[in-house]
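Have a look at this one before I ask anything.
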Amino acid sequence: MNSRIAFIASNTFREAVRDRVLYNLIGFALILSAAAILVGQISIEIEKLVVINLGLTAVSLFGIVIAIFIGIGLVSKEIEKRTLYTVLSRPVRRWEFIVGKFFGLTGTLVVNTFFMAIGVFAALFYVSHRFVPADALIFIALYFIILEFVIICALALLFSSFSTPLLSAVFAFSIFVIGSFADDLRGFAAMTHGFTRWLATGAAYLVPNFSAFNIVSSVAHEQPVAPHLILQNSLYALFYAATALSGAVIIFEYRNLK
Amino acid sequence: MKQRRQVSIIAGACLMVSLAASALLLHHLDQVRAQATLEEVLYINSPKVLKRLSLGYEGLLADIYWTRAVQYFGGRHHNDARSYGLLAPLLEITTALDPHLIVAYHFGASFLAPAPPGGAGEPDRAIQLMEYGIRNNPDDWKLYYDLGFVYYMNLKDYPKAAGAFARGAKVPNAHPILGVLAAQMAEHAGEYETARMLWTATYQNTQDRQIRQNAIEHLRGLRVDEDVTQLQKAVTRFGERTGRLPASMPELMAAEGLRGMPLDPMRHPYKLMPDGRIEVSDPDYLPFATKGFPPGYKPQPKFHYDEK
Amino acid sequence: MSAIEILGLEKTYQVGFWRKRPKVALRPLHLTVEEGEIFGFLGPNGAGKTTTLKLLMGLAFPTGGSARILGRDWTDPEVKAQIGFLPEQPYFYDHLTAHELLNYYAQLSGVPAKERSQRVQATLQKVGLTDIKGVQLRKFSKGMLQRIGIAQAILHDPKLVFFDEPMSGLDPMGRREVRDLMEQLKQEGKTVFFSTHILSDAEALCDHVAIIHKGELRGLGAIEDLTSSVQGKIELIWQGTHVPASIKALGAECHVSGEMVRAVLDEAKQDAAIDALRREHLRLIALTPVRTSLETYFMEKLRRAETTAGKAS
């Protein structure tokens, strides 16, 4: 069982890489280099701020886009193209397929993020000419971004298990946007009454809370991160992804393939 | 078929557990990160920058900031905060993103100018906010009202208040009260009646709960001040007539030729103290009164949503 | 133990978005396939062949009935290790090479690591694909993809293979190769279940066939029985152009072509006909039983179904 999941994961990774996903790194590198050079000309004091803000935001956004666009294709494309037929006619359980895809996609994003991180640090070194201990916070920011990816991948798989690629992309992207404002949604829910409040609160807790993962601004200002926040975010990402994946497994288990 | 059911049951259980766990974690996270949404305000408090960052969705962002401003103030107020440093930036950002979000100006008029703990204690920024609002909405008479209100209530600058009310009265479809207030400023600035007119007008011109509650509490305070003053005068008259203090409230009432017991706006009876002073029964419920408190008592402005 | 026992499998789809109407894709099907034989599953397009295969593979779920494959319940995942499946018009991961793809499938089928590359190599040779190292699948032609499809179905040496339209997309030479492959599989003791609408292939290969039309089983039996002389007729061929009256009197249908005459008549009249030819001094060239072709049997079954359906509606 475990080996099958590993095989599916590595195959997913290979497909993604061959599908020229990693070319996005070139775009990323270009943006970051341009920014670093430009900023060096503009102002001496905020260049580091800009590099970190821009760099981390780009890592996050690029990754989310990749996660959505590859993730949505993972299941629905396989069903449409019927590559799934030859896989499921083997002793592979349907749930193993979902879990394997999930790890493959997440793995792709981790690798992608790793290369981007090198880019960010390179740009940082270029503008600051040295590293300070506070720069270690960037690792934490990157870790949180990866946690965001974990959630998005799980959601993309969930939507992909029952919906067409286009709809899945729309859903996943919408949830990402709403999730970024999840704090405000909960605040809004607290201000309403009656049925609306019930509905809004339910929605607010169902939507992934991405704002908690977004520490880009505070890291740019070298604010320390509370350790228990790290633990909580990790657990939250874990449980949320597990929720979405369980949903995907159940849906896929009962799906008649066309 | 058995396999499917087994897998579904396990996955279903996993789903329930994970969902509950993530909801719980989120709830816990909320307590820890109570001020989280406001961190950004600290870092990007330039409205111009924010406007550019909003990529054209200023209206939505303005609504979000407005929600945050309301929650910020309400939440801190509930916890008896001493300062509201972020209220001004929040309102400024809100109105920078959407200059026509009128309720934000009303909110600023009520809560930016008064000193803590009733407000942020920044009357000058409040004035700036009102003027900005007027510039962007020159035909909205309510904004002139708000401007005059701030001059009157918090800066005690009656001529400027009069000026604001007068400007507003000239706006087409302006409420007649503006003309009345402008005139009132001239002669009866310091009187209860004027203050009552203003607070009543504030109450009637808005739907916002917090602003209304604030106005009601102020009106109650005015009522108490008036009542205590009148009752105190009655005690003095009694003393002049009989040469002693009244033994009880009923005796005082009888002497005045009045029936029944005087009640404060919270329907509690006023007390006649042995030393002849008039006191309110429950000063905690009358935060904006200035008379009728026991000696040494300091009012704590607080909202009590659960009372009428 | 039968290789496949289909016990009343049926499938009804709910079609439509708002008001769901039932659409019967497969009526309860009862079928048995013995080990070691080649079984043909015939029918026109849309008859329910692919539906049946999808149900057996667990890709879709039946609305009724069950099946046993190699003695086990068809939903048992362990069964999958011993079967191979070639879907119709297969499509594979574009960016992998043939070796990578087959290696992946070998992994999933549980082929031990040591044997994998050797098996892949051997299978590629078996299906006639050489010289494709390093070429990504998106560059393959349809025929090559079909061969890959066959390769992945037999890669793990399964006891039973299911082919859905295995000849589609192949040129005559390719089809010949596939036919030879299927014969070879049979010789290796494997069971082959394949669906097709090309009757000549079925006729050449199968031991048993089933005919399905509009989701319902119309015919079932061994090839010899189905194509044997149902009507009991024989065909006489003699030299010359003359048709004796006596033979016509026996109720023969005669055709003259070139220097020969062909006559078809009842088997019972065989001796009388030969005597008649001898009396006329006509030279008999051939006497053969008339075999109904599978196509005739097929069309008749379909036609009968249409008429009963016509009568019913």
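Chains here go by letter, A, B and C, matching the order in which they are written, and residues are numbered from 1 within each.
Note that in this section a contact is a pair of C-beta atoms (placed from the backbone, for glycine too) under 8 Å apart; a residue touches a chain by one contact, two chains touch by 3 or more.
Keep in mind that this is a model prediction, so the values were computed, not measured.
Here the chain at the heart of the shown protein, by mean C-alpha position, is A. For the interfaces B-C and A-B, the C-beta contact count is higher for A-B. When chain centres are set by their Cα atoms, the one at the greatest distance from subunit C is B.
Averaged C-alpha coordinates give centres for subunit A and subunit C that are 49 Å from one another.
In terms of their C-alpha centroids, the spacing between subunit B and subunit C amounts to 85 Å. Distance between subunit A and subunit B, defined via averaged C-alpha coordinates, is recorded as 43 Å. The residues of subunit A that reach two or more other chains are 93, 254, listed in rising order.
Contact with two or more other chains is made by residues 3-4 of subunit B.
Listed for subunit C are residues 77, each touching two or more other chains.
Those residues of subunit C whose C-beta lies close enough to touch subunit A in the complex are 54, 57-61, 77-78, 80-81, 83-85, 87, 89-93, 95-96, 100, 104-105, 107-110, 136, 149, 152-153, 156, 162. Across the complex, subunit B meets subunit C through its residues 1-4.
By the touch rule above, subunit C contacts subunit B in their complex via residues 75-77. Note for the complex: subunit A touches subunit B at residues 93-95, 181, 183-184, 186-188, 190-191, 205, 209, 211-212, 217-218, 220-221, 226, 228-229, 232-233, 235-236, 239-240, 242-243, 246-247, 249-250, 253-254. Subunit A contributes residues 3-4, 7-8, 11, 14-15, 18-19, 81-93, 254, 256-257 to its touches with subunit C in the complex.
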